[in-house]
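In what follows, chain A forms one complex with chain B and a second complex with chain C.
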Partner chain A sequence: MRGWKPAPHVLLLLPAFVVLAAVVVVPLLLSLYSSFTPFRLTRPETIYTFIGFRNYLRLFADQEFWVAFGRTVLLLTIALNLEMVLGLFLALLVEKATRGQRLLRTIMMFPMMFSPILVGFQFKFMFNDNIGLVNNALQSLGLTDRAIPWLIDSHLAFTSILIAEIWSSTSVFAIFILAGLMAMPKEPLEAAKVDGCTPLQSFRYVTWPFIMPFAYIAMTIRSLDIARAYDIVKIMTDGGPAKRTEILWTLISRTAYSDARMGLANAMAYVAIFLSILFTILFFRQLAKARQQIGAEW
Partner chain B sequence: MDENQTNRIKQILLKIGHLVGLFIAMAIICLPGLWIVLSSLRPTVEIMAKPPVWIPESLSFDAYIAMFSGVGQGGIPVLDYFRNSIIISVTSTVIALAIGLAGGYAFARYRFRGKTAIFLGFMLTRTVPGIALSLPLFFVYAKLGIIDTHFGLIIAYVALNVPFTVWLIDGFFRQVPRDLAEAAQIDGCTRWQAFWQVEFPLARSGIASAGIFAFLISWNEFALASQLTRSTNSKTLPVGLLDYTAEFTIDWRGMCALAVVMIIPALTLTFIVQKHLVSGLTSGAVKG
Partner chain C sequence: MATVSLKNLVKKYGSLEVVHAINLDVADREFVALVGPSGCGKSTTLRMIAGLEAISGGHIHIGDREVNNLPPRQRNISMVFQSYALYPHMTVAENMGFSLKIAGKSQDEIASAVADAAKTLGLEELLERRPSQLSGGQRQRVAMGRAIVRHPDVFLFDEPLSNLDAKLRMQMRTEIKKLHAKVQSTVIYVTHDQVEAMTLADRIVIMRDGHIEQVGPPEEVFRRPATRFVAGFIGSPTMNLHNALVSDGRLVFSNGDTLPLPGQFRDRVTAGQKVIFGLRPDDLYPTGHGIHSGEAAEVHAVEVPVSLTEPLGNETLVFAEFAGQDWISRMLNPKTLRAGDRINLSFDLSQSHLFDAKTEQSLRG
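So, the complex of A and B:
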């Protein structure tokens, strides 16, 4: 075997493989196994009892779980769509600006620098029913004379979380769409104008197809770090009031660490992972499709 | 003439609408942050005041002084958390960058079987939500006895960062023409010299921004840190923020001050790299 050398790319990729296998893949296999056991942290020997799909069956019959699941999907769907639309508007606004564009771009990136936990805390502070900025402003302007329980009422709490989520991530979309707008050649737009397109038409048929891949990159990135929602919800309401804002990830951490039912929590975690992968694949495919459509330019 | 005038008015109205829209959007973006900074400088009495006090009467740095003077306000060891955060973020960034450099270079320069599949596989490891990953890691770490240590958090963050650094660095190396390294090799460089003296300097600014990106992810991470840390041995700032929340009361001013301390490094670093960040992510992904 002397003198045998592995191909250079194998050597180069090896460290990445080793780290990801050790910290992500192997632990995940372990948790896959433990999701088939009644494992509790307080009784370590329970990990050797195999109970088949009982955890999963219990999950599928568990209403609380399905409510949290539905709420997570709802939150993500609304948030991603609104972020996309608002990000598009923001990008168009900034792109149209004739002066100070650099400054505007910098300000636009501002929310991206806030870690999700800071976003959660900041909105918890602002939506506080007693001393929060929002209620204080509403009361000072005379729009309402009572304290609106933003984080205590169940519907309002969901809305508040949604607002925090959108505030923090719209800029991701805006930045990528803006990058697309700035990379776009101007000739097709002028040609469309000469051919008599209205601004709306030229946006729909010229600009939009061009910036779509950029929007999908933003979508993909967002779907990758979609679990940010955990940090925000954890800080703002911790799943409360009375579990009305419980999403999958807060439910998992509660089941695992407060109730110490690791096996069940791991079963839930697998459903959550599946959901994330589904979202990611969805956007990756859209990205590929959009890329094909404008294949010539790239 | 008449048509001209209506057109002109329309133009002006559009312009005003545009400016107003811009102003409102920027105000919404900036206001929460400014409010936090302002609140960290006001006395607690003013924050709690009813009816609200809009114009601060006295500003002071008391909250910051209290935070960094020894134990800190209410016995919260902010200095320890700060040190832990720095050690963990910097170490994990350096390691993730080295690994990402190797991986990204392999993806950008070599052809091999299953390249796309491997790339996608790397990305998929990133889809695992932190909290889902924390369950098995907690168990494994407990067995190995590395819960509440720097080491445990560092390797977790390295794994978290490797996929993105690979993606970004791959994108930056693609922008460096292949011919340059080949020319260098024809001139008698070894492959290593060609990489180190020709390709690396050209991609350097991009690689730096990948590093800053990794640093920010580690600096801000909460889901894993909240479960894998226990005490001042390894608690990081995001976890420390929760210390200000007692059962029924929250020290808003102290929390605001800590928030400002957390955001300043992130702010400065992001300013430095904003341009490279976007170009790196788009070139890697769009050009495929």
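So, the complex of A and C:
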């Protein structure tokens, strides 16, 4: 290697590149490659068999996969919308508080501090048809006289998961929107009042356009979250019963480890990532547009 | 009909009272300027009239309606904010048309009203821009445009020119004056620039610490200030104000120097009374370098040393020492003076002011 003298900046950046390559690029390439093999954990030598796009072709014809895919998108859509509305509401309430706002903000963050596993267990307990709080409460109030099979009926189980998701993450929206509200200049609001706006009109024409970019940031984050959702569902229903609440990542982990079909699972994962990328692009577009609209300087 | 009347108007923040029962009647189509030092309650008063700030006591009438508890949107007012408060996400045209849109006017009506206002203010080229793409002066004009499209009963301005540079400010001052002549609305204009107040207003309201000190036409507050505070606040450079004692038909200053007691006050003071003597720099000039007021000659000349000069081109401000203090005098047709030079200083006593040292009220009749 005599005579090869890298420029100092290359030399200085080299360690970072090496580390990045080792922990990110190599595993990524490896998993991408394995999605083109029939790799099974039980038969390690299968990783050397290259089968081209066969895993992907198989996937596209696999109804189970598309049902899980569709359910994930449905969960994402409903959860995002409800979280958005609730988070907005919460943020507006907290912003109005003249006293104890810091305390309220801290309390608001509590659900985010719980591990999703714990949230899953909590809600699994609450929605338990025999000993759960929800049924107990409904029955003591005389609203129903039989046990509702929350985690067993497919619609109810989906709803239960939705509630757990929303409970744990509405504060993401609330916090971003609250940040937006607090950063918002107050004068345009006063100008709107003088210009004849009712409080509702002020919100619609002045406040909302201003906090929209903040809502889009929260949406991007949360769409990635839900597209990767796993823990809560795993704990509450494990995709069951009879795959009635199977979502993408519970299906992927089952395929990879229970069925030991790592190659196929990796192919699924790449399709799932594609979904995430799609949502990210979508929301970033909206964000850019909204930012430009309010002439944001950030 | 768009008179504005404030009766015993009070504003408290918690237990802190910042506006103390002020009374003011603004006539229809009158241009009234609220002036006063920072923190005296000008903005608070204006915001109470606008309905942006709840009132803690008293009454506000606009026209013959009591508006105490009406929200801003029911008061038919327009307001121009110091920071302009444009809607950042709307174009200039949308900003100006917003109030009409809220009022449910048709697209055509809005477009023609906006076009009219844009023409008046020279904004035709900028209608599709957003506020972030405008200069300070342009934003200011958009804010004015937003206020005039509605033909409100009352215009409220809160220091609309304070963010502009001196030249633009002068230009916009003229614009506002023309605008008022054209739209003929009642205007309440807050400023702490007394030149703005003097040039624009029909009447000036001078506020201090939440009180009104004096209300009157510019000429009157300048020539006949009711209190020592008004005397010091209105006029630039500020009036010379120095403590003196009345003794034997003379004013005796702290170091023993004296001036004759001006004739107009001779019957209004008693020997031994502590007073404040005031004389504007215009009425104090190096002999031969001023304009005599022409009123009953009562010019008194004293030889004094120069301590400092500030040449302004067409005139020079000369700081000269008399009675142990610096007095500002205005020298027209200036000649070069150096610190330490001795000059003959003319005091035009017919133009002097006298205030009681304790009450600070004018001793003029």
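We take it that the second predicted complex is superposed on the first by the 269 of 298 C-alpha atoms of A that agree within 3 Å, B and C clash if a C-alpha of one lies under 4 Å from a C-alpha of the other, contacts with A are read in each partner's own complex, and residues count from 1 in each chain.
In the analysis below, a residue touches a chain if its C-beta (ideal position, glycine included) is under 8 Å from a C-beta of that chain, and two chains touch if they have at least 3 such contacts.
Just so you know, these numbers come straight off a predicted model, no measurement behind them.
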**Message:** Taking chain A as the common reference, can chain B and chain C both be placed on it without clashing, or not? Answer clash or fit.
**Reply:** fit
**Prompt:** Taking the superposition as given, does A:231 touch the first partner, chain B, the second, chain C, both, or neither?
**Reply:** first
**Asked** So, does A:106 touch the first partner chain B, the second partner chain C, both, or neither?
**Response** first
**Message:** Per the contact definition in the header, classify A:34: touching chain B only (first), chain C only (second), both, or neither.
**Reply:** first
**Message:** With both complexes overlaid on chain A, does A:214 touch chain B (first), chain C (second), both or neither?
**Reply:** first
**Prompt:** Looking at the overlay, does A:90 come into contact with chain B only (first), chain C only (second), both, or neither?
**Reply:** first
**Request:** Determine how wide the angle is at the CA centre of chain A between the CA centres of chain C and chain B, giving a multiple of 10 degrees.
**Result:** 80
**Request:** Applying the touch criterion given at the start, work out whether A:60 contacts chain B, chain C, both or neither, answering first, second, both or neither.
**Result:** neither
**Message:** Between chain C and chain B, which one touches more residues of chain A when both complexes sit on the common chain A?
**Reply:** B
**Request:** Determine, under the contact definition given at the top, whether A:115 touches first (chain B), second (chain C), both, or neither.
**Result:** first
**Asked** Rounded to a whole Å, what is the shortest Cα gap between chain B and chain C in the overlaid structures?
**Response** 7
**Prompt:** Where on chain A is chain B touching in the complex?
**Reply:** 7-9, 11-13, 15-16, 19-20, 22-28, 30-31, 34, 41, 89-90, 93-94, 96-97, 104-118, 121-123, 125-126, 130-131, 133, 136, 139-140, 167, 171, 175-176, 179-180, 213-214, 217, 220-221, 223-224, 226-227, 230-231, 234-235, 249, 252-253, 256-257, 262, 265-266, 269-270, 272-273, 276-277, 279-280, 284, 287, 291, 298
**Asked** Tell me, which parts of chain A touch chain C in their complex?
**Response** 185, 187-188, 190-198, 201, 205-206, 209-210, 293-295, 297
**Request:** Under the touch definition given earlier, write down the residues of chain C that touch chain A in their complex.
**Result:** 50-52, 71-73, 77-79, 81, 83-89, 98-99, 102-103, 130-132, 146, 150
**Request:** Spell out the residues on chain B that touch chain A in their complex, using ranges where they run on.
**Result:** 18, 21-22, 25-26, 28-30, 32-33, 35-36, 39, 47-48, 50-52, 54, 98-100, 102-103, 105-106, 110, 112, 118, 120, 122-140, 155-156, 158-159, 162-163, 166, 191, 216, 219-223, 227, 238, 241-242, 252, 255-256, 259, 262-263, 266-267, 270-271, 274, 278-279, 281-282, 285-288
